[in-house]
């Protein structure tokens, strides 16, 4: 029985959902009596990208690896900063304008740490987590960032 | 040896398949597989990057592939 | 009629409330179709400070000036970064552990801007907005940061 | 001339009052008022800072006070 490992997992909430993400569900996990600061990043589907009107986005994930890479990010964040909780929630499937592909929440005693850690999580997620986004335009579609 | 290839995103479009069976020389590395794929599917050359995963983890170019492995093609990710 | 001024005010939501702050109310204002990123800072009442157990906090504000200084911060943030919306909500009165003294939300097309602007708003709020916090301990009380 | 002083936070505790009427020499600046207050209430010396506001805005030390002004004492703020 590895109590340390179990404790660490209590501090992390990773979700990959086909249904809408809720900020309230993220906050419910993030709140902690020792926290003075919570920082949340919410990614939303924009109506335009590079000057073109977007109809919707489609997210595809290599699910087990996406979950394990999201967990690695949260664990690394907990190793780098004295955080209380880290939640990384990502959506898959078809998302309309205004819907939420990703919510990241972190709590800590002090705010600077919470900002740094939250930004680290979203920056790293965009580099390492095997999830792919296809933009659907009125006149076509494309996988985002696939080509240089 | 016999391996399975699994693809996501634009890699799936390039292969026109989600999974493929592939025969490659015994002892091939990820780098060797990459060369074979680039020959068979030149469109991979146009990608910003192409990474590989085995057992749900990224693997390095020098990593040796074993008979029966499922090698997952990871084109540039764009989550978030 | 100053249309420019009116438009700018549509982008800013300043509140000083005696009733609990709600993250959902903040997000309702912050959401925008052109937004790809929303960043929220939520300050919460910690159960400990400098090793001492806190019972509750009491916030006092010089209300009209607090509102006008919060508005200045939001306006300066809108001048520094291409933001879509900025909300600064602050609480007054007696707050128990876990309650929310402040919520700051910003939205923008891109995330780095949203993080920077949100952090700027809370950092500046803590320097300029005439609001005072008294910590109530089991064995006494003190105005926070009053003395060197 | 006659002015009104309003205090918040620890400044209120030091004055033992939320508002006070004060008589200061005509043409006094904020800096002059500060010196007077420090003489009358030495505890202000112990604060990390003491700022002043008139008409809901911060004012500088050199700012001249006018008859009837309400000068607000702003001890170190601690919102958020």
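Going by the order they are written in, the chains are A, B, C and D; count residues from 1 in each one.
One rule holds in what follows: a contact is a pair of C-beta atoms (placed from the backbone, for glycine too) under 8 Å apart; a residue touches a chain by one contact, two chains touch by 3 or more.
Note that the coordinates shown come from a computational prediction; the quantities given were computed from them, not determined experimentally.
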item: Chain A and chain B: spacing of chain centres that average the CA atoms, whole Å; value: 26
item: Chain B and chain D: spacing of chain centres that average the CA atoms, whole Å; value: 72
item: Whole-Å separation of chain centres (CA-atom averages), chain B against chain C; value: 48
item: Multi-partner residues of chain C (at least 2 other chains); value: 43, 122
item: Numbers and ranges of chain D residues touching at least 2 other chains; value: none
item: Arrangement of touching chains [line / ring / star / complete / other]; value: line
item: Chain pairs in mutual contact under the definition given at the outset; value: A-B, A-C, C-D
item: Footprint of chain B on chain A - complex, ascending; value: 43, 59-62, 64-66, 68, 90, 101-102, 122, 125-134, 143-148
item: Residues of chain A defined as touching chain C within the complex; value: 23-24, 27, 31, 33-48, 97-98, 107, 109, 111-112, 114-115, 118-119, 122
item: Complex interface listing, chain D residues touching chain C; value: 8-10, 13, 46-48, 53, 56-58, 72, 74-80
